[in-house]
Each structure stands twice: as structure tokens, then as C-alpha cells.
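Here come two complexes built around chain A, the first alongside chain B, the second alongside chain C.
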Partner chain A sequence: MNPFRAAIAVARKDLLSEWRTREMVPALAQFVVLALLIGNFGFQIDSRSAPSIAPGILWLALVFAGLIAFGRTFAAEREQSSLEAMLMTPASPVAIFAGKALAASALLILCEVVLLPALSLFFGTPFSAELVIAVLLATIGMASLGCLFAAVVARVRARELLLPLLVLPLWIPFIVAGGQAVQSAMGLPGSYDQAIGLLVDFDILFVVLTSLAARFVLDE
Partner chain B sequence: MNRLEKAAAGAVALMLIAAAAIFFYAPTDYLQGPVQRIFYLHVSSAIAAFGCFAVVLAGGIVYLRNESPRADRYARAGALVGVVFTTVTLVMGMLWARKVWGAFWVWDARLTSTLVLLIIYAGYLLVRRLSEAGRQTARIAAVVGIFGFIDVPVVYFSVDWWATHHPGPVITSDALPPQMLATFLFTMLCTLVLAAVMVVIRYRIEMLMDMKQLIASGAPLTVAIPRRDPEPAQ
Partner chain C sequence: MSMVVANGLTHRFGRELALDGVDLVLDTGEHMAVLGDNGAGKTTLLRILATALRPTSGRLEIAGLDAFRERRRLRHYIGYVAHSPGLYPALSATENLEFFCDLQDVSRSRVAEALEALGLASVAHRRASLLSRGMQQRLAVARAILHEPRLLIFDEPDASLDADATEVLGQVMKGRTAVIATHDHALANRLCPRTLVLRHGRSLGTATHLRVVR
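Then we have the complex of A and B:
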């Protein structure tokens, strides 16, 4: 069985079920807007301070939206016990994992479609291609790690507690590099190209590592 | 005294000798004064922590390959002892920083990555606590332990990769006077012995806990009291 087609089929199934229920994307969109609202009240924001505060709010909102999104990745499979059925098909566990990661990152990207314009709208920070590229590059690596650890904790009792504890420390490289890239995209000092290079490096490293590990996590 | 008790007593004795060397043999630093003596144990415990996390990594890889309960127990022992030594490293470093930098904490690449290291392996221990012991948990923990190890080279090379406040490597760059170097190498050796003894003792505790669980699960014990490792609990 072609692993690429299997992965696409799994991603399509997840996105189709999201399209039919329309649960996650509205919830995530509402969540990030609420996060921006809290940021607005937590900081004293004016046109001068906005570029130095907005990147932080962006990453906080994105990271916690990601935790919600990836925490739900295996929820349906768990409730219906369908993961075992999927693993019994000839599709390789890595392909199933890749499909789940693709679907979850698509949901997170949809949430960014709301977050990034809303950030510019509310805080008056520049909305640029550089900003979008930095956030998308970070999303790739964050999605592969998030999905791997969502699979790791899927069958553990205290999964809601464990997922943030495990994933957040491993996301830090993406927040370090992505934070720097977004800051320089918003006009603060710092090398944008260097940060993007780092993001690409981290993406490659973690996509390879998570695909290698997926076999041990999903295989039962 | 059994063998483990002897080993523990020996490790403690070695640490006391190392303390004597640090305070009475090593010369006082001209610039930093007596606070520089923190360096010996601070760096040694960082290296011991790296060693413990390497045990977690190796245990995790071996466990994923052949589900050896011994490998998993070594990984558990290594994580716990590694967290202890990382904490020692951070606390001693903060005491030094208070005197030399004027603040307990700065958001420096090495400090931050070491804090992340502590959080990752504290998370590893939480995984073991929050999920029922067994094959599944051991596999999950192995994956966490393998991924967590990525941070060890980051901590090590952070002083080269980023501009940091933290002093760079003084051992490999040959910057220490011979008496300080000798004190450091001796302290490092003693700390590594201490860490190894702690891992072995913790291994023993983990084995007894596995046996207790095995007995509680009602599995028939074919050997009266296994001198060697029991089978994995399912």
C-alpha cells in the first residue's frame, strides 16, 4: 500500500469529520480571539509598545491553541476505539501518524488564519509575508511533535495533564527561533534569515525523528 | 553491610575527600574569590546528570528493541538520579550567579536550556507516575526519554552556539591552573561514582517495586525469591 496515499486518506478522513461536525475550528478561532483579548487587558498596549508585546501574545495564543488541537487529535479514535481498526489495515503506522499530523496541522493553520489578521487588527502590528512564513514553518515542526505526543498520551489516564508537560519543553526550539523571526518581521532588531534557517533545521530534525518514533508509539 | 551499603559508604567518603580538596587543596580564584569553588561540584554534577540521561537514552533504545525490563528499570533509575543532579547544578549555579552576576537568574541560553532539561525529565518521571506501570507506559517513557536527550547537546553546546553570560568551557580550552584542574577532575570522578552508585541503588528499589507489583497481581512465583530480575509485569 502506498504510504503517501494512506496518509492522505487518513488526513482526508479527519478533515471530513471536522467539516461535518465543525467543532474544532470555531472553538480554536474563538480561543485565539479570547487570548488576544486577555493580552490586551494584561498589558498596557499602545502603538509604541505593540511590536514588542504582540509577538509574545502571538506565541502564547498559538502554543495553547496547538495544545488544544493536538489534545483532540486522537479523541475520536479513542471514543470509537477506531485506532486499533486503523492499525489492522495494511497501512503502515508511520503513514497513519503522518495523516493525523497533516490533518491536525491543517486545523492549526486554519486557526492561524484567524489569529494573524486579528493580531494585526487589534494591535496594529505589520502583517507581512515574513510573519506568515515564520509561523507556518514553526507549525510544521510543532505539529509533528504535538501529534506524536498526542499519540503517546492517548491511552494514558491523565492525558490532559501530560500532553502540555511533554510537548511544551520540546516546542521551545520553535518558539525560540519563531519568536526571533516574528520579532524581526515586526521591526524589532534580530536576524530574520538566521531565525528562518534555524526553523527549517528544526523542522527537518523533528519531522525525521517523529516519523522514526511513530512506529513505536502507534504499534501495539 | 551488604554490597550496596558498602558502595554507598564509599561514594560518600569519596565526596568528602573531594570536598576537602575543593576547600583546602585548590587555590582561591584571584578574580572571583572563594565563590569560584562552587565550580567544581557545579560542573561535575552537570556531567553526572548528562551521564544519567545517557542511561535513560540507552535504556529507552534497548527497551524499544527488545522490551527488556532491566533496560526500563535502568532508564527509570537514570531519570530520577539525573533530575537530582540537574537540580544540584542549577541551585549551585544560581548561588554562584548571585555573587558574580548579581542576580540568581538571567535568561541565558545555557541556564534556559538546563531548566528545560530539568522540566523534560521531571515530565518523564510524571509520565511514570500518572500512568499505570506496564508495557505501554514503559514504551511511552522510552520515547520521551529519547526525545528529551536532544536537549543534552543543546545544553552542552549552548555556550558556543549563542552569546551567553555563562563562562565557556574552561577544561577543554586548557584555561585552568594544574591544581584547579586536578581538583576538578577528582571531584568529577567522585561525583560520577556517586551518581553510578545512586543509579544502581535506585535500580534495586525499582526492581523490588516491580516484584511487589508482580506479587500483588497474583502471578505465580515459580522461583521462591528471584535473585535475578523478575519477568515484566503486564
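Then we have the complex of A and C:
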């Protein structure tokens, strides 16, 4: 059984379900725009303070949107009792996990498509390729960790409460390195390359670790 | 040749003993019903036979292979329908089955055959959420036979099936080994020459359908 084929099938199925139901993306997009609006009115923003405040607002919006997006990945499968049917196939649990993480990342990236230009519009900060790369790299690692813990808590009743408690401490490296990269991309002092290097290292580390752990989390 | 050989299957959920030393031998092509009250351990036994659940103790061989060491390989041999259909409501009947063809690594051409076999060809493009409960159950059975399994395991498939569907179930089981958990003694008698009765996780023994004593 080709694990790539299985992962793509799972991701395609999740994205098709989302396209048909439109349960998540409109709500997430609305959420990130509202977060920016609140940030815009909550702070005294001028051209000097914007690059210091905008990264914080960006990561807050991303973290909370991510918690919603990743939290639903396995909860929906549990509610529909479809996870067991999927795990009863010869497809490897790692491929199933990768497919689900891929689909959840794609949904978060769709939100980022709204978030990044809106950030530029509300805060007047530069919209650059460097900014996009930093956010995309953080999304990869955040997705792998978010999906793993979403699978862990999916069978628990208080999953909405547990997921942030488990995931947020582990997302801190991405928020720190990503925050530094975004600040540099917006013109503040700091090494962009060093922050991006850290993000790549964290991505590799957590993608490998979560793939190894997924086998144990999803089996039974 | 035996398709299923189980010795002393025991399972605990925490302190609760759900299954208590069940022994079972099922020959190739044999059909067996599992009867018992709610909480008797039917679903636990079926999930263990389907390799979805690892027993706390005991041994299980399916098609001569150790069921838990060779679990992934055995998934090609087993078709399992749980009590809940477990379908994707936003996908059509065809899309649901195509997805499982990809995971089972079988050709998508099997979808039309499976839908035809279960009498679902006319609703092939209807979303699963718009199908009746009985049709959803039929679709779950169609999903279980996509990869032409040798062993079928059905957990209360009759819960929402009509009389016609029971006939279809009989057709699907032909030539395959099958285990069905049910509360319906009439269905058990019609489809299965052998019956296993469970009470409080213990086997009260197997019998031919005319001699089941509760």
C-alpha cells in the first residue's frame, strides 16, 4: 500500500468535505479578520509602532485559528464514528495522520491568505515573500503538533479545553522563532535567516517526532 | 481449514471484565451468529475478531496468521461493519466508497459492483447524509466488501435493515466466513447455522440454531 496515495486520499476527502459543508474556513476567516479589527482599535497604531505590534496580533490570530482548525480534524471523525473504519484498512496510521495534517494545514493556509493581506491593510506593515515564508514554515510544525494532540484528545469529552493546554506550550518555539522572523521581515532589527533556520529545524524535529508518535496514538 | 481460532480471549476495560476467556473455532465458509443481551460482550468480541481491539489476554489466529502480529496484513482479509455506519455525510455514496478503495488499494471499478450488490446503484450520487438509516447501513456493508474479504464481521447489521436487505446480506455472505452479532434470533437462524451465546462476557457455548438455549 502506497502511503503517499493514502495520505493524499485522506487529505482530499477532508478538503472535499470542507468544501461541501463550509463549516470551518468562513468561520476561521471571519475570526482572523475580527482579531485584526480588535487589534487595530485596541492599540494606538502609527507607522513607528505598527511593526512592533502587528507580529503579536498576527501570532495571536494564527494560534487561536490553528487551535480551532486542528481541533476539528479528529473530533469530526470520532463524532461520525468513521475513524475506526479508516483504521481498519491496510493504510498505515502514519499516512492517515499525514493526510489529516495536510488537510488541516491547507485550511489554515487559506486563513493566512486572508490574514496576511488584511494585516498589511489594517496595520500598514509591508507584505513580503519573507513574511509569507516565515508564516508557512511555522504552519507546518504547528500543524503536525496540533493534529497529533487533536488525535490524542479526540476521545476525551473535555477536548476543547485539553487541546490548548497540551499544544500551546509546544507551539512556543514556533511562536518565538516565527515572531522573530516576522519582525525582521517587517523591518525591525534581528536576523531573519537565523529565525528561519530555527523554524526549519523545529519543523524537521516535530514532523519526525509526531509521525513516530502517530502510530501509537492512532493504533486502537 | 479453520479461518478463525481463538483461545481464552479476555478483555478488560479498566476494572470491568468485558470478555472472559472465550474460545472459538470457525471453519472457512462457516457463518456464526453471536447472541447475547446488551453488555454481554458481543461488540468487544467482534472488535477483537476484526483486529480493531487487542485483547487483554488470549490468542487469536485468522487464516493461520497471528491476528495481532500480522494485523496490517490481515486487514486485507477482513471486512468489518461496526454498529454505527461511520460514513462521511458530505460525500456521496460513490465518493465514500472511492475513498475506501484508495485506502484499501483496490481499483475504483469495484465501487459500481459493490453498490449494485447492495441495491444502492440508484442512489450512487446521493450524499450519505441524505440516505435513510437502512441505506447508510447497506453502504457500510458495501464498503466492507470492496476488497473482497474472506472474513466478514457484522455488528448488529439488522438494526435498521429491512427484510429485503437481510436477503442481500445473505448473498454478500455466500462463500465467505462470517460472524454476525445480533439480538434477532430469527435473523440468526436464517443466516447462520451456528450460534454462540454470550452472557456477562462468558461464552455459554455454541449450538446449531435449533438448539439455542438462553
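Convention: the second predicted complex is superposed on the first by the 220 of 220 C-alpha atoms of A that agree within 3 Å, B and C clash if a C-alpha of one lies under 4 Å from a C-alpha of the other, contacts with A are read in each partner's own complex, and residues count from 1 in each chain.
Note that in this section a residue touches a chain if its C-beta (ideal position, glycine included) is under 8 Å from a C-beta of that chain, and two chains touch if they have at least 3 such contacts.
Everything quoted here is computed from the prediction, not taken from an experiment.
By the touch criterion defined above, A:34 reaches neither chain B nor chain C.
Measured by the number of chain A residues touched, the leading partner among chain B and chain C is C.
In the superposition on chain A, contact of A:208 is made with neither chain B nor chain C. In the superposed model, A:9 makes contact with chain C only, not with chain B.
In the superposed model, A:162 lies in contact with chain B only, and not with chain C. When the two structures are aligned on the shared chain, A:121 is found in touch with neither chain B nor chain C.
Of the residues of chain A, not a single one touches chain B in one of the two structures and chain C in the other.
Chain C makes touch with chain A in their complex at residues 50-54, 72-73, 75-76, 78, 80, 82, 84-91, 95, 99-100, 102-105, 127, 140, 143. By the touch rule above, chain B contacts chain A in their complex via residues 64, 116, 119-120, 123, 126-127, 130-132, 136-137, 139-140, 142-144, 146-148, 150-151, 154. By the touch criterion given at the top, residues 1-2, 5-6, 9-10, 13, 16-17, 20-21, 80-92, 220 of chain A touch chain C in their complex.
Of all the residues in chain A, the ones that touch chain B in their complex are 148, 152-153, 155-158, 161-162, 165-166, 169-170, 172-173, 205, 209, 213, 216-217.
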